[in-house]
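Just below sit the structures, each encoded as structure tokens.
In the two complexes that follow, subunit A is the common piece, with subunit B as its partner first and subunit C second.
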Partner chain A sequence: MKKSIFGWSVLMAVCFVMTIGSLAWGADDIKIGVIGPMQFTQGEGHWNGATLAAEEINKKGGIQVGNTWLPIKLVKVDSNEFLSVPDATNAMELAISRHKVNFLIGGFRTEAVLVMQDIAMDNKKIFIGCGAAHPKLCSRVKENYDRYKYWFRVTPINSRYLVKVDFILLGMVAKIMAMELKIPKIKVAIVAEKAVWCDPIVGIAQKNLPKMGMEVVGVWRPSPVATDVTAELSAIQSSGAHIIFTSFSSSVGITFAKQWGELQVPAAAVGINVEAQKDGFWAATGGKGNYTLTINTYARVRITDVTIAFFDKYSKRFKGAPNYTAGTYEAVYVLADAIEKADSLDPDKIVKAMEKTKRLGTAGTLVFDKTHDVTWGPGFVTAVGTQWQNGANKCVWPLNWQNITYEGAVPYVIPPWVVAHYKK
Partner chain B sequence: MIQNIIINGLINGSIYALLAIGFSLIFGVARIVNIAHTAFYMLAAYFIYVGFHYLGMSPYISMPLSVLAVGLLSIICYKIFIQPIREHEAAVLIATIALAMVIQEALLIAFGGHYLGVPPLVSGYATIAGVKVTYQHFLALSVAVLALFGVWILLMKTKLGLALRSTAQDREVANLMGMNEARVAMVTMGISVMMAGIAGAVVVPLYVLDPHMWMHPLIMMLAIVVLGGLGSIKGSFVGAYIMAFAEVLVVFLIPMGAFLKGSVALSIMILVLLIRPEGLFGVAFEEER
Partner chain C sequence: MGLPGFYLRRAYSLFRGEVLVLPSRVAVFIFALGVLLLPLFSQDPYLLRILIFTSIFAILAASWDLLSGFTGQMNFGHALFFGVAAYCTALLNLRLDLPPWISIPLGALGAVLAGLIIGIPCLRLRGTYLALTTLAFPIILMGVIFAIPDITGGELGLSGIDRLSGSRLTDYYITSVLMLGLGFIMWKITDSKTGIILHAIREDEVAVRSSGINTTRYKLLAFCLSGFFAGIAGGLYAHIMRTAGPSTLEVALSFQIVIWAVFGGIVSIYGPIAGVFILFPLLEFLRIMPKIRMLVFAFIVLVTLLYMPQGLIPWLRDKIEKECPRCKIRNVTTRKTCRICTAELD
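Moving on to the complex of A and B:
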């Protein structure tokens, strides 16, 4: 009997020591939860960008805190936020309570990220947004700093600036078309998917385009998942539009570009087309999306000294160009730098260090403003305009904009059928 | 504008008709509400994509092969999932919902949520009365009309068609007359899903492929079938064109409300049902009892 008790005691002691040992080992790394819709391109971008950064940092020994070098351990968290916002909140809870992540990066849909942000703030976890553009995510920091100070946004630039760049691109194309095709007054058809994020863009466009010397000939609002927009395209052609100002974030962007190219509608397509930012766009449209111009985050141009190296490394490793959610690459580096500067894993100290970030990043010089948002403008992150030109997504803006030209940028090309239509 | 409405309405209507007639056929003959019908339509589209992009097959070969493959697969699914519970209509309905979800999730795992596409078989467009129509749309319309004509021949001019129609009229009597009703149901399942497969093949160069592309046509198809009268092939045919023209009219007449096209079409269905609850060509419920 005594032997039996002794045996059990030894066994329990061994289990206890092993448990403590494993916990101690678990604390020897920095867990970063990468949260996003992992079955979709956006989630893949999140994961790939973070993976690349973590591998590079770990190769150098990890992150130095005091005298210890801690490797980064990434935890993939599928938010499924494309299909279900409640799934995203569950995924966030899971990352914090079960995977016990120290930090979080990612997020895509604003509706989901707003909720995920609250969960992270409740747990005082630093959450770096790499997908949702809504200004509210950052204005919360200003409104209630003590609660929301753990939130930062690295990518994309917020939607106010997205709209600004959107209009800069439209103005650029209007100017080129007016000059080259001798069109006295540019007519614009506004085509925006029926989604909340497009409503302000449509409103601003209707108000501002006449001030910019253009005429709005109509507004079309197809469903984000429309499978056929030939009816809309026929109506646009009948309207006599020279430019189609697009706002698409979903599959309708492919449908539209495919049918626009196939029908050779004599109007240039300019604006936001998230699908056109992806490498798969060319194949998905069967090449018919040629000459589509969209706002973008990455292009193989010299935005900074590190852009092309990152672009090539990413493209080679993941067989495709980075999309904007691959900004998790920057997020991991920003976090790592801040941890080293703070010399601590205390989130409050890291937040203070992150606020002083000035990093020569892959999409521009990364500096956070007072709302912890990525700063937009010349000398900071500007975004780029990319146009599909015979199978390659080329940077066409900035090109001589406020004394900025990214090395490798090429001039915008008016679709040849548009030229043929107006020059006959 | 009228030309646009006519051409676009005819094309969309033919695709809807292919889906709805197949759905009506299996419901009429075997009383199977096959919610997975449009999931098979999606599967055929993905098979063509795989044949084209991964196996390097010509779409002219991969398209008929895909139609046959989904037909065969539907028969296997019928034997495994549907036949054992066929007498319980609610259970069949739930089983086909589950089957559709399985297909959706399988495609999501295999291809992710990426939007994919297949290039058109024929490039270019023709201008008819000032309206640009792509050759691919013409091809789609021609194939859809041919397929519908083929189904009409099958139903009206062949022994199999006679068996299908008689089983649809009265299953018990057909059984008593020596027809193997279970086999007829199985064959009908294959034929109806092959029609969905043809619709998938027709749209694959026009539409964008993603694992949720079966949802919208499912809603429209159910609406068409209810509008035309449950189990009525003629009703499905007419209903398909009504719904398609309603959608196209909304896009052309209310550009700002283009996203409402589905809702307007469904509202027309509700309106018709309020006046004629059995649908346009359906059997009155009282009479059926």
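Moving on to the complex of A and C:
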């Protein structure tokens, strides 16, 4: 009996030592926590982008720190942040204290990311944002550098610049329509889903469009989940609008585009339509969403030398074009480059190296500004404007904008029924 | 032994007479002891974080039971109290620099005020109409929050709030001791004369009124008391999360509270607390199967309520205890006669 107890004790001790040992073996890799709403398309983008980058880096042997090559190990962390903010913060804590991740990338809902950011900063973990666009996340770096220096944003460009691009696209379409259809003064109908994020855009549009030489004929605010917007479209048609300036992030984007095409409303649709960024948009609208123009992050154009290769590889592997949360691809590379430059896993040294980042990335040249935000503008990351043209989502902007034209970009096409209506 | 000995003997006899006589009370005692002693065995930050939230939501669920379970004032917008207190606490802390031990009770008083504001128009309503009206209030408040972003922070909410304390362990003890203390106070309220009147209002309001009791006053009191306890939970949440955002007012949170309470068993106070202590960590545990996490969670809740319609805890309690048919005092099932009136139990 005593012998068996002794035997069991030895066995338990060996198991214990092996368990502890396995934790130490775990230090032979670099653990990156990919945190996002994994049951949603945004989280899928996070995971897919990071997976692609990690596989490419690991294929080359991993990340070199000193004389050692460390492979990247990704840890999938479901934040469930759309449904529960506490859930998101628990997931962050889980990643840091249980999975012992070295770095974190991802996040989407700003209210949740703000808390997740605090948890990461408490633990001095570098957290690269790849989803939330609000400027506040980065302004915290400026306000309290010592605490928030571990935060960086790779994608998307912050919401101030998103709005700027939105208006550039509107201006471009207005200019083309005025020239080609000989319209002296462009009339614009503002259609924004009834959601808080659209409120400032509507306000700015009402204020700025007259300054841009356009006339606002009305504002329509359908429900984000409306399944019928024919009443709004009929009213827009009656208003004599030439352009419909859209702001949609939800399923109403599909309803609107489909019925706009079906009714052949004689006004071009331009603005933000998140549904139109997805590959499934064409099938979802039965092709009626043709000629919809939306702001986007990725398109199959030569933004830089690596964009098309990334776009094709991603599309082939995951059966769909990358959405903007797939910018985790860039985040992993930025991190890997910084670790190698710092030649250390010390977060303070890596932060210093990351601040000097100048990377020819898939969405443009990636440089961080003083608030650790991705720099927007000509020569940096610009975002793109994509228009559905006969089943393909084609890049139509930048095209001769500030001397920038992305190779593969095509001219914007005014919907033929709009042309027919005004050239009668 | 002297005076300390006397008090020790008195405490022991009280413990033996009040706690050891019923298995459910022994279970509650062991639970409280377990909560207080847990950090001796593990101080894992993730585990403590989960339990901190569990304690906060347990206070919230119990406060719902006080209003909707005991008084029968069906509130489907309980997140209102939670959110109002979270925002008040955040504003008091950020604007007036008040420390948590002042901002939390004052925030809870804000929730009491909210209880009064919604209580007065809701007093004329009953059942479904009351439930639907209460559901509307957090939605209205959310609209107000988005309308004045300069004060409320709009869709981002208010952030940069002070920490509850300097360490996770202290946070844990503050929240768990408050949970146990406030849970006990709520239970004592329901066991008092006021509690009996609240209970009676739920059963037959007309009969209570015909007894000369001002039911309006008591219903308003229930709204305020429930609002205060929910407000404490909201204030704690704001200081733990260091943010107070629109998610504190979401309809989903209001329904979650109802699910926790109904799962644990309403009209008991400890039922909703147990419900949160089972369901909140369970949802975390289910992260091991991320794809079907919510599905499994919903399945467990549904199956439990299918076979235990009164909730898990009353079902368990009825298995180990029975009520005296004469004096209504609870006894352990092994007893043949009532411990108080000696009436036969079977």
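Simple rule for what comes next: the second predicted complex is superposed on the first by the 412 of 424 C-alpha atoms of A that agree within 3 Å, B and C clash if a C-alpha of one lies under 4 Å from a C-alpha of the other, contacts with A are read in each partner's own complex, and residues count from 1 in each chain.
Here is the rule we go by: contacts are C-beta pairs under 8 Å (C-beta built on N, C-alpha and C of every residue); 3 or more make two chains touch, one makes a residue touch a chain.
The shown structure was predicted, so the numbers you read here are calculated from the model rather than taken from an experiment.
Could you tell me whether subunit B and subunit C fit or clash when both sit on subunit A in the superposition?
Once subunit A is superposed (C-alpha atoms), there is room for both subunit B and subunit C without a clash.
Taking the superposition as given, does A:Asn390 touch the first partner, subunit B, the second, subunit C, both, or neither?
So A:Asn390 meets neither subunit B nor subunit C here.
Going by the touch definition up top, name the partner, subunit B or subunit C, that contacts more of subunit A.
B
Mind working out whether A:Gln39 is in touch with subunit B, subunit C, both or neither, as first, second, both or neither?
After superposition on chain A, A:Gln39 lies in contact with both partners, subunit B and subunit C.
Looking at the overlay, does A:Thr89 come into contact with subunit B only (first), subunit C only (second), both, or neither?
second
Which partner does A:Gln206 reach: the first (subunit B), the second (subunit C), both, or neither?
After superposition on chain A, A:Gln206 lies in contact with neither partner.
I'd like to know which partner A:Gly280 touches here: subunit B for first, subunit C for second, both or neither.
First partner only, subunit B.
Pick one for A:Asn400: touches subunit B only (first), subunit C only (second), both, or neither.
neither
Go through the superposed model and pick first if A:Gln259 touches only subunit B, second if only subunit C, both, or neither.
The first partner, subunit B, only.
Per the contact definition in the header, classify A:Ser234: touching subunit B only (first), subunit C only (second), both, or neither.
The first partner, subunit B, only.
Looking at the overlay, does A:Ser223 come into contact with subunit B only (first), subunit C only (second), both, or neither?
A:Ser223 contacts subunit B only, not subunit C.
With both complexes overlaid on chain A, what's the closest CA-to-CA approach of subunit B to subunit C, in Å?
Minimum C-alpha separation, subunit B to subunit C, in the superposed model is 5 Å.
Enumerate the residues of subunit A that count as touching subunit B in its complex and touching subunit C in the other.
Residues 39, which sit in both footprints.
Given the complex with subunit A, which residues does subunit B contribute to the contact?
1, 4-5, 8, 12, 53, 108-109, 112-120, 123-125, 131-134, 136-137, 203, 205-208, 210, 212-213, 216, 248, 251-252, 255-259, 261-262
In their shared complex, at which residues does subunit A touch subunit B?
37, 39-41, 44, 82, 193-194, 218-223, 225-228, 230-232, 234-235, 237-238, 251, 254-255, 258-259, 262-265, 275, 280, 283-287
For the complex, which residues does subunit A have touching subunit C?
Residues 38-39, 76, 78, 83-87, 89-91, 93-94, 96-98, 110-112, 114-115, 118, 134, 136, 196-197, 199.
Once bound in the complex, which stretches of subunit C touch subunit A?
Where subunit C meets subunit A, its residues are 44-46, 49-50, 53, 146, 154-157, 159, 241-243, 245-247, 252, 283-284, 287, 290-291, 293.
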